[in-house]
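Shared chain: chain A. Partners: chain B in the first complex, chain C in the second.
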Partner chain A sequence: MTTAVKAAKPTAVKAAKATAIKQRTLPMLVMAVFTVYFLTPIWWLFVGASKSSEQFTSTNPLWFADFDLFTNISDLVAYREGVFLRWLLNSVLYTGGAALLGTLLAAMCGYALAKYRFRGRELIFNVVLSGVLVPATALALPLFLIFSKVDATNTFWSVFLPSLVNPFGVYLARIYATASVPDELLEAARIDGSGEVRTFFKVSTRLMFPALVTIFLFHFVAVWNNFLLPLIMLSDERLFPVTLGLYTWNTQVNQIPELRGLVIVGALLSITPLVVAFLLLQRFWRNGLGAGAVK
Partner chain B sequence: MTQILSTDIEAKPDETAAKPGRAVKYGWAVPFFVVPFGLLFVLFYLLPIGYAIVQSLYTVERTGTFGPAREVFGGLVQYQRVFENGPFWESIGRVLLFGVVQVPVMLGVALILALLLDSGLVKGRRFFRLAFFVPYAVPGVIAAIMWGFLYSPNLSPLKSVTSVVDLLSADFVLWAMANVVTWVYVGYNMLIIYSSLLAIPTEVYEAAKLDGAGAIRVAWSIKIPLVMPAIVLTTVFSIIGTLQLLAEPQVFRSFSSAVTSTYTPNLTVYSTSSIPNFPLAAAFSVVLALATFVLSFAFLKATQRGDR
Partner chain C sequence: MRKRLSVLLVSVLALSACGSGGDTADTDTAAASCAPSSGPVTLTYTTWIPGIEKVVKAWNDKNPNIQVKVQTGPNGNGGTYANFFNQLKAGNTPDLGHIEYDALPSFRVQDGLFDVAQCDIVAKAKDQFIPWTWNQVSFGDAKSAWGVPQDSGPMALFYRADLFEKNGIAIPKTWDEYAAAAEKVKAAGGYITNFSQSDINQFAGFAWQAGGRWFANDGQQWTVNLTDDKTKKVADYWQNLISKKLVSTVPPWTTEWDNAYNSSSAWTWVSAVWGANSIMSGAPKTEGKWRVAPMPQWDAGSTVAGNWGGSATAVFKNSKHPYEAAQFALWLNTSEEALALLNQEAQLYPATTAGTKLPFLANPVKFYGDQKIYEIFAQAATQVTPDFTWGPTMTSTYANASDGFKAAVSGNGTLSDALAAAQKQTVETLKSQAIPVKE
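Coming up: the complex of A and B.
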């Protein structure tokens, strides 16, 4: 803004503008500093993943040298007959599969707890709710012992099946079903002769859809972050999720230095789809979290 | 999340809609909806908890030094061992120290960022919200690997810092990990607090504005008290998370020799089970789960009393 324009304005407005700018400076500065804090490690990862291993140590860690990202990716994919791709696929199955199926199960249970009166309803709800306070890591060891009783450790199912259970999802589903599925609608569907199960799939799940996305996201993160369960349960490298795989490589970096580059490229590849998905779905986090308050 | 929990009491299902005795009408619908989850919950939640308790009452016995190990009932022997186990209680002390510092810092930053986003003083809110949330998509293991490299003296872009202080030394490594956890979770906690700020109806502020209250005054006297339930709940989840600390220290073991195999309680559980000594590991698990429950419950109670 030029001085001429400023001078043309009444003094009061000018003063108000000046205070407004002064008021904004500090908040914007704080935001800028934290943006740098949150994004620098990601930026560093991206830059690091694009460098050859000599340049990784010899050039500025926060700026590009020769852009070798695609060479690095093909090295990573080729390493040990493509075990990294296998890990990515496993992660998709463990995390995505368990979250998808787990969301459906939690939605059904929470919906029944919200919409039907039956004996033992409150008991079931309270038991499930106290399950929320039991940390998933506390279950990993006993789960291992149980699975070893039936000789089922070190299998896909030993990680997948326990990951299906998400008490917090049931809890959220009950709240959301109460808030978004009116009883009158269910009554009308009954009069039309629609069965309860059919009504759930055709009508109620549609009304609950944004909530289901939120439950899915919570579930997804919980499984994705559960490190102890696969760590304890799995010994066959080909069953590892990508987090466990990269962790094992990272522990071997001192013996096999070439792994360092692979860990960095692998870390970048495994978080990129998630970062994109999270950002696209972010409104569901907010909507879902706010849902209780809107009521 | 907090709002959800706190409004639960009001959100009870409509009791009038379904009169008693009508349950018959639903036929098989209720079991159809409840049993699939219920079965898995019993198998993979309740059963393991019960099994851990039973297992912790056993003890490993060997006939001679090289004889086969057998598990025999030992009563509370394992619990006695847990209570006499110095490193375990040291690790509990360590994560408590970690929590006492890290949780308030993390939630303090999350609260300030949420208030700033909500204050109307910040332009480009959408961008900042997204930027702060990005780290939450990074799982703990990968975040720890990334920061481990960033802390390493010869690779780090923070050379000016890492050449002076070794962030991976015994004195600093706990706080180096605190930074990793903070980095991942600030954005998530900020989003929870921010969404409960958005839920406050604007009329609430109008009276304050008429009285000439400034932005800081409004934040302190109106906004913070109103989002207190959100803060309490994020605190409880953070306490649970802190006591369960595993991925970060486990990863840091390859960056720093200062992180021992009993550095946190969960690392103790893991290394005890790899010996293998399952009864003792189960007893550690049970004590840890109980400690977690007591602590988060006590915190909830304490804050509720404060409200009155």
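Coming up: the complex of A and C.
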């Protein structure tokens, strides 16, 4: 009996190890496939951006030829008196500004809905929540007609103001505020004589911080990629965000084929801020997702 | 008759855009005449012509009282036309807009344009334009002009002189010879051309040359005829080349497409005058080897050309300064200074008779072995048949046809099938937009 057990044990361990490896290999494989799938276009973009326009058509699209990335970038920046840089700056203003302010608004709104009891609370929440279901594209044309009424189309505000709204952020903020800000703590703050606004900024936002980063990131990406609204609102090139500017160039490739190279380099540069934002903030983001999931 | 149509359409629009009925009536009276404004005016002009700022600056420097402000966006079908329609609804269109010939009828049908023929300066300038370009803005009505013709795209044959010579193939003068040459080119390891599968405009240029007449408007209703005999002849001709795999079929305006020319796989391109620049920048390795010849003919000895592209400068109905807008549009499209700048910045080819003879178009072009290629196009510009009319829903007609073209190219159905389907869908689109159409 004992010998049998002794003999059986190593094989059992081996078998367990084997299944463990199997169990790990499959997910790794799936993930590897997806990583390649998601990174290939970016790789293509990077390689393409590093080529001269002649080599772009005639060499392997997934491997380098002469490395002209920096020449291409300086061409891009010099083209039409640096209008591309202006577009990048606009995008940062629209996106950074709207994401910061929008996150603050969403946080306040979600917090209020989570922590205060008042009449119509659920109604307001449900109305906001139904806003999640309305795609931003469907609102672009009505917004244009409304802004036309007050003669405010083709202005910075015509893109900035609608971008502040983020119903999904309100939803997230409410969920997180419920989970991470204990009522007892607010009670203690009140007893210590802290006003509601001060409590919100000094206590609650700290507790909600991971959630706020998540909201900020979502919002940042949504506004950065929002294309239809500026397309419909803006006709002054100096106000374009980078997405619209590049698209405009891309539609002119028939007439000015040189633009294709600039569009590719521009596309590479235009995704860089997104990548940077994600790399810097993903630590917080992961925490935020985890916190929300457990509680 | 035409008035009745527009009145009908205005009322339809007023019904659908609730509450804007009053506005429409106001602008109707405001825009009824073309009187000069008093005092300085500022005009807005929306266009996607690259480098237009330089041209407009030349005007602004000389006309302190009529300042033009440029607005821009993607090309027409890429979004700017949709924006124009939205702005028409909201009543805040620019004064002037860049509209291609094939889109002009859709704006006319929506009653969005000002009839610039009401301005005496424009009516007087009519004879400066090549007659068929004028027809593109007048729709055949001698008393109207829904824009000032800006540029045109007369077509000719770009061919690789070196390859034709080396293989002892004669330059085709007729489409029959072109098909025969296609066999020889295939035998020599190339394709005679690339058939533009998703860009239906090139095919439209072929049909235009052959005498196809896709749309007609008798003032009361539209007739759609994408499948007339002439068009069918053209469709069958290209279907034959596609079926025999004598042409390559990569999508146009892509890197593969550039590469087909750059790597000497495609030997000719029947294209418009602006195609000269497409080859130059898409196929830099082939410098000096291309030449231009007149477009192949359906009947030996005839001289008919097709047209691919071209646009007008239109004045929108809401403009408060139609006279000044028309003045600017005329300068932009007739003055030597502006035409030279437009050609230099954006390769626009003039729509005026004098424009095609300007000195900068008489120069030999190095890329084409110092051939004076624009002489061929100047000749072609006079040979385009004048009575081709575009329909009021070209965006969807193109989309419908190009779906079928893509299928035909990959072996499902034929180009004729695609046109028949597009015919049916176009009639339905017109009906759904309450535009009167003959079944």
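One rule holds in what follows: the second predicted complex is superposed on the first by the 246 of 295 C-alpha atoms of A that agree within 3 Å, B and C clash if a C-alpha of one lies under 4 Å from a C-alpha of the other, contacts with A are read in each partner's own complex, and residues count from 1 in each chain.
In this text, a contact is a pair of C-beta atoms (placed from the backbone, for glycine too) under 8 Å apart; a residue touches a chain by one contact, two chains touch by 3 or more.
This structure is a prediction, so every number in the text was calculated from the model and none was measured.
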Item to complete: Evaluate whether chain B and chain C can sit on chain A together after superposition, giving fit or clash.
Response: clash
Discussion item. Just checking: does A:Ile232 make contact with chain B only, chain C only, both, or neither of them? Give me first, second, both or neither.
Written reply: both
Item to complete: May I ask you to decide whether A:Ser58 touches chain B, chain C, both, or neither, giving the answer as first, second, both or neither?
Response: second
Worksheet item: Looking at the overlay, what does A:Thr137 touch: chain B (first), chain C (second), both, or neither?
Response: first
Worksheet item: Can A:Val203 be said to touch chain B (first), chain C (second), both, or neither?
Response: neither
Worksheet item: After lining up the shared chain so the two structures overlap, which partner does A:Trp224 touch, if you call chain B first and chain C second: first, second, both or neither?
Response: first
Discussion item. By the touch definition at the top of the document, which applies to A:Val83: first (chain B), second (chain C), both, or neither?
Written reply: neither
Worksheet item: Who wins on chain A residues touched, chain B or chain C?
Response: B
Practice prompt. Could you look at A:Tyr37 and tell me whether it touches chain B, chain C, both or neither (first, second, both, neither)?
Written response: first
Discussion item. Per the contact definition in the header, classify A:Val275: touching chain B only (first), chain C only (second), both, or neither.
Written reply: first
Discussion item. If we overlay the two complexes on their shared chain A, which of chain B and chain C does A:Thr251 touch? Say first, second, both or neither.
Written reply: both
Worksheet item: Taking 153-161, 189-197 or 225-233 from chain B, which overlaps chain C after aligning chain A?
Response: 153-161
Fill in: Common ground on chain A, meaning residues reached by chain C in one complex and by chain B in the other
56-57, 61, 141, 144-145, 231-232, 244, 247, 250-251, 253-254
Worksheet item: Which of the residues in chain B end up touching chain A in this complex?
Response: 1, 3-8, 10-15, 17-18, 20, 22-23, 25-27, 29-30, 32-34, 36-38, 40-41, 43-49, 51-52, 55, 109, 112-113, 116, 119, 121-124, 128-143, 145-150, 154-157, 183, 186-187, 191-192, 194-196, 198-199, 215, 240, 243-244, 246-247, 250-251, 253-254, 266, 269-270, 273, 278, 281-282, 285, 288-289, 292-293, 296-297
Item to complete: Give every residue of chain C touching chain A within the complex, in rising order.
Response: 46, 48, 50, 71-75, 78-79, 82-83, 86-87, 89-92, 94, 253, 255, 258-259, 262-263, 274, 277-278, 281-282, 284-285, 346-347
Worksheet entry | Residues on chain A engaged by chain B in the complex (per definition of touch) | 23-24, 27-28, 30-31, 34-35, 37-42, 44-45, 48, 56-57, 60-62, 105-106, 108-109, 111-119, 124, 127-128, 131, 133-135, 137-139, 141-146, 161-162, 164-165, 167, 170-172, 174-175, 178-179, 183, 187, 190, 195-197, 200, 221, 224-225, 227-228, 231-232, 243-244, 246-247, 250-251, 253-254, 263-264, 267, 270-271, 274-275, 277-279, 282, 285-286, 289-295
Discussion item. Taking the touch rule as given, give the residues of chain A at its contact with chain C in the complex, in rising order.
Written reply: 53-54, 56-58, 61, 141, 144-145, 148-149, 151, 153-154, 231-232, 234-237, 244, 247-248, 250-260
